[in-house]
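One chain, subunit A, links the two complexes that follow: it is found with subunit B in the first and with subunit C in the second.
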Partner chain A sequence: MDQLQLLVSGLANGCVYGLIALGFVLIYKATEAVNFAQGDFMMLGAFVALGLTNAEYMALPFWLAVPLSIAVMAALGYLLDLLILRRLFGQSQIAVVILTIALGFVIRFVAGVIWGHEPQTLQSPLAHGDLRLGGVTISLADLSVIVVTVLLTLCLYQFFQRTRLGLAMQAASQNQMAAYVMGIPVKRVQGLIWALSGATAAVAGILFASKGAMDPNAGLLGIKAFAAAVIGGFGSLPGALIGGLIVGVIEPFASRYLAAGYSQIAPYALLLAVLVFRPSGLLSQTRLKKV
Partner chain B sequence: MNAPLLEIRNLESFYGPIMAIRGVSLSVEAGQIVTVLGANGAGKSTLLRTISGLMDPEKGEIHFNGRPIHGQEPHHVVEAGIVHVPEGREVFPLLTVDENLTLGAYTRRDTAAIAEDREKVFAYFPILAERRHQEAGTLSGGQQQMLAIGRGLMLRPRIMLLDEPSLGLSPLLAQEIFAILRRLNTEEGVTMMLVEQNARVALDLAHQGYVMEIGRIVMSGSAARLRDSEDIRAFYLGHQETGQRGEKRWKRKKTWR
Partner chain C sequence: MRIQFKTSYDHDIRLFPDRWSLCTYGALVAVMLLLPLGLDEFFLGEVTNVLIWAIAGLGLMLLTGQSGQASLGHAAFLALGCYSNTILIEAGLPFVLAFPLAGILTGLIGVVIAIPAIRLHGIYLAIATIALSILADDIIVLLEPWTGGVSGKFPEPIVIFGLEIERWSQPERFYYLVLGVTVVCTLFYRNLLRAPLGRAFAAVRDSEVSATAMGVHIARTKATAFGLSCMITGWAGALMGYYAGAFNNETFSLVISITLLMMIVIGGLGSIHGAFFGAIVVAFLPQALSMATDLLGSSTAIPGLETGVFGLILILFILFEPMGLYGRWLKIRTWCELFPFARKDMFRRQKSYLKTERLR
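Then we have the complex of A and B:
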């Protein structure tokens, strides 16, 4: 029963990692760049929701604040691509990586200036209440994290498989030149992917903030999500989710059964193991091009 | 005589500081196959990339159907009815054959006609119908080339720009592809601009031909005229002449310079 309890809380954490990892993978697939500000996007999404709904700020109803903050983050993602990243077109990937790291710092400090550096709690209706299933207690927050993550992943999957735009996004990420000559407006499609990953980050942020207090440094969690994305096989959406779940589940078990110093490194030890034994990740989608 | 479907005037294109096209003018009449011959690095692919908007020209004009299209984004060029089949079988490797074809019709909305065209592509390339649910990356090289051409057809293009469709294929497969291109031209009236290194098959297929060297057009004319030209025979078709004393003339000069 004890293990089951650990598993549930690990899965809930893992879902948040998985959602951030989804954002990493979306952008990596579309633009072959890694957005190291993805964790900070998540944090910013949480603070935007917090600013909209908390009593001491704008005090909007929670269920209005959620779609609003998702829209704000989507717009921010699109504008970042339009105004900043598109200007780096043709530069080396390193330039993009450094830019996104810098963006992460900027977002962290801007959030600190607006909302302060103290931890704050999102006044979310999801934050209170427990469910008892057999001997296992699940908080409403953990349950909603798991449910929303599963639903969102299914929606994204359907979107990529069934819609014209989703197909175009896959095409643009698999072969940019061929996408261009098929008449797909590649730059606009990439902007929309940034918007999508901004929206995903907002969802992750709201869910994460429902589980506990937020402060502007919460974005550093993105490092764990990055590890999750690599474990899952960078470039695979289901892989990102599975990687997130693995990292999330390992953490509570490691801190329970390993000495304090070792538990922190467990996710990264796994990352190393994956990189050594299966360098393309658990669910890799890379295939060599035939010449 | 009607105005040509595609007309290029004094086109100049750069790769960074390198001038890849140095003032090219050519025209393609509707319903014809026009081939551009030339060695590696002559600028043939750059020419196609400039037409399709993947590269912007520095100078010169491209008119399609009487409208200027130079310097436009690729998706505007596609909407005008120009489809570029790039060299090297650029398919979407993780999508199925069917999905690749769907993307060929990305700019079209007429669902019923798209379904018709899909059947037409399958009629020309029966192997694609067999493999329609397979990922494109798992196809053989020849099948990928067929898919790239079929995907181009899905646009119902007014002109196809074909970049080395025979590259890396066995002679037999290349022959098969060229036979299908000929059928497409005679049965469907598809206008084509064909870039090739294999001058023999290209001149057999084409109505008109141009020869490019280091970014310039050095020769042009009907395919029959080019086939008979001494220079083409010597440098592109590989005929060896023997001199008066029965020795090979290794140091023959091209006469167009």
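Then we have the complex of A and C:
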């Protein structure tokens, strides 16, 4: 029973990592760039929801604040692409990497100035209440994280596989020039994907803030989400979720069964092992480059 | 307007292209040598700090600027250099032996780490090195018998042939030591660029496919670049340990790695000058900010202000001057040298379009 309880809390944490990793993967899939600020996006989304919902700020009803904060984050993602990232169009990936790290610094600073550095909790109806399933206790927050994450991953997967826009996004990433020639508005498609990733980050942030306290440095969680995305295979949406679940499940078990110093190493050690032995991740999408 | 008239092929790879630049750099070295006469201890310490950061920047520049691999884990190698230097000295080796050995050891471990890492491209390498940087912190705690764990270590004063160098009581001696290491590293870097290995680095950076076609062994070249880069970084780490006077597992954090990468981008990727320009920005930014907040009348420090402003500066640089401070200086200099004939688009970059290696 004990292990089952650990498994459930690990799965819920893993879903948050998976959600952040989804944001990375979305942007990677469509623009071949990695948004190192995705964790900070998540933090910002949580704080926007918190600012709208909590009694000491705007005190809006929770179910109104959720779509509002998702919309705000989507708009922010689109604007970031429009104003900043679009200027880097056609430059090396490393430039984008460094730019997004810098963006993360700025977002953390701005959030600290607006909402302060004290940890705060989101006053969400999800935060209270437990479910008992045959001896295993699942909090409502954990359950909603798992359900929403699975649904979102399925929807995004279908979106990329089935819709015209999803296919256009994949085409734009595989060969920008060819996509242009085929009449895909590459720049607008990239703006849309940033908006979508901002919205995902908002969902992740709201769910994470329902589970515990938020502070501006919570965005550093993004590093664990990286591990998730890499383990699952960058560029694969179900892979991101699986990677997130693996990292999330390993953590509680490692801290339970390994010595104190070794437990926090476990996710990164796994990340390095995956990078060494299977660099393209569990659900691989790359093949050898042809000239 | 100066004109270089080249009469032999050797002219192209000379250490100094003409007398004028030889005189300029000679004058710079002379000024640096005379600096302790004119500066008080505080500013001398700051200049020393700039030089140490510049050495670390040179190390990362060799990897990122010359061979095109972005590493976000160089703080781990700073730590490795710092700890191995201190441990070797505690084991009884003299500084003149321990210091070079620390760098070489760091370089060797760098090569060992590079062998799996070189299979990774761009972003994957950046992520692997992030993991390395985070792991370094935990590993230092785990290796407590050697590293002192959380309580850290205090480096003993340096003794070179009976001459004692302590950072606080003899800042000018420490300054000369750092200056010496800086000059050696810079000359090493410059000469490397003139050698076939440096050309191979540039070839790998610009196109792996064409580098292979020219007979460059990609994996070996990349591993060499990683090793040499780690070696220089290790020396910088050892000096950083002396400069700080005490260090533990949190001294060389991920933030240092990121700062280092951002520093060379602000300075200008792929140029020796860039490492120095970037180091000046990184070392003096905290002072400038605290002066600015004092002027604005707020007495309390704003947490995160430093990294926030740093991030903002970096964004502006990437958007408007991707070649960094050195690129801007190059543009101004070219404009002056060519005076009436400079054209607007001389530095315009070619647009490239992205292709992926993924098939789905």
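As a convention for this text, the second predicted complex is superposed on the first by the 287 of 291 C-alpha atoms of A that agree within 3 Å, B and C clash if a C-alpha of one lies under 4 Å from a C-alpha of the other, contacts with A are read in each partner's own complex, and residues count from 1 in each chain.
The rule is short, and it goes like this: a residue touches a chain if its C-beta (ideal position, glycine included) is under 8 Å from a C-beta of that chain, and two chains touch if they have at least 3 such contacts.
A quick note: this is a predicted structure, and the numbers were derived from the prediction, not measured.
Chemist: Determine, for the superposed model, which of the two partners subunit B and subunit C contacts more residues of subunit A.
Modeler: Looking at subunit A, the partner in contact with more of its residues is C.
Chemist: Looking at the overlay, does A:174 come into contact with subunit B only (first), subunit C only (second), both, or neither?
Modeler: both
Chemist: Touching A:117 in the superposition: subunit B (first), subunit C (second), both, neither?
Modeler: second
Chemist: Answer with first, second, both or neither: which of subunit B and subunit C does A:97 touch in the superposed model?
Modeler: Second partner only.
Chemist: After the superposition on A, what does A:227 contact: first (subunit B), second (subunit C), both or neither?
Modeler: second
Chemist: If we overlay the two complexes on their shared chain A, which of subunit B and subunit C does A:109 touch? Say first, second, both or neither.
Modeler: Once the two structures are laid over each other on A, A:109 reaches subunit C alone.
Chemist: With both complexes overlaid on chain A, does A:269 touch subunit B (first), subunit C (second), both or neither?
Modeler: After superposition on chain A, A:269 lies in contact with subunit C alone.
Chemist: What is the contact status of A:216 with respect to subunit B (first) and subunit C (second): first, second, both, or neither?
Modeler: In the superposition, A:216 touches subunit C alone.
Chemist: Can you pull the subunit A residues that subunit B and subunit C both touch?
Modeler: Common interface on subunit A, subunit B vs subunit C: 170, 174-175, 177, 285, 287, 289, 291.
Chemist: Can you tell me which positions in subunit B touch subunit A when the two form their complex?
Modeler: Touch residues, subunit B against subunit A: 52-54, 73-75, 78-79, 83-86, 88-95, 99, 102-104, 106-107, 137, 140-141, 144, 148, 151, 155, 168.
Chemist: Looking at the complex, which residues from subunit A come into contact with subunit B?
Modeler: Touch list, subunit A to subunit B: 164, 167-168, 170-171, 174-175, 177-185, 285, 287, 289-291.
Chemist: Any idea which subunit A residues touch subunit C in the complex?
Modeler: 31-32, 34, 84, 87-95, 97-99, 101-106, 108-110, 112-113, 117, 170, 173-177, 216, 223, 226-227, 230, 234-235, 261-262, 264-265, 268-269, 271-272, 275-276, 279, 285-287, 289, 291
Chemist: Report the residues of subunit C in contact with subunit A in the complex, numbered from low to high.
Modeler: 64, 70, 116-117, 119-120, 122-124, 126-128, 130-132, 134-135, 138-139, 141-142, 209, 254, 258, 261-262, 265, 302-305, 307-312, 314-315, 318-319, 322, 351-360
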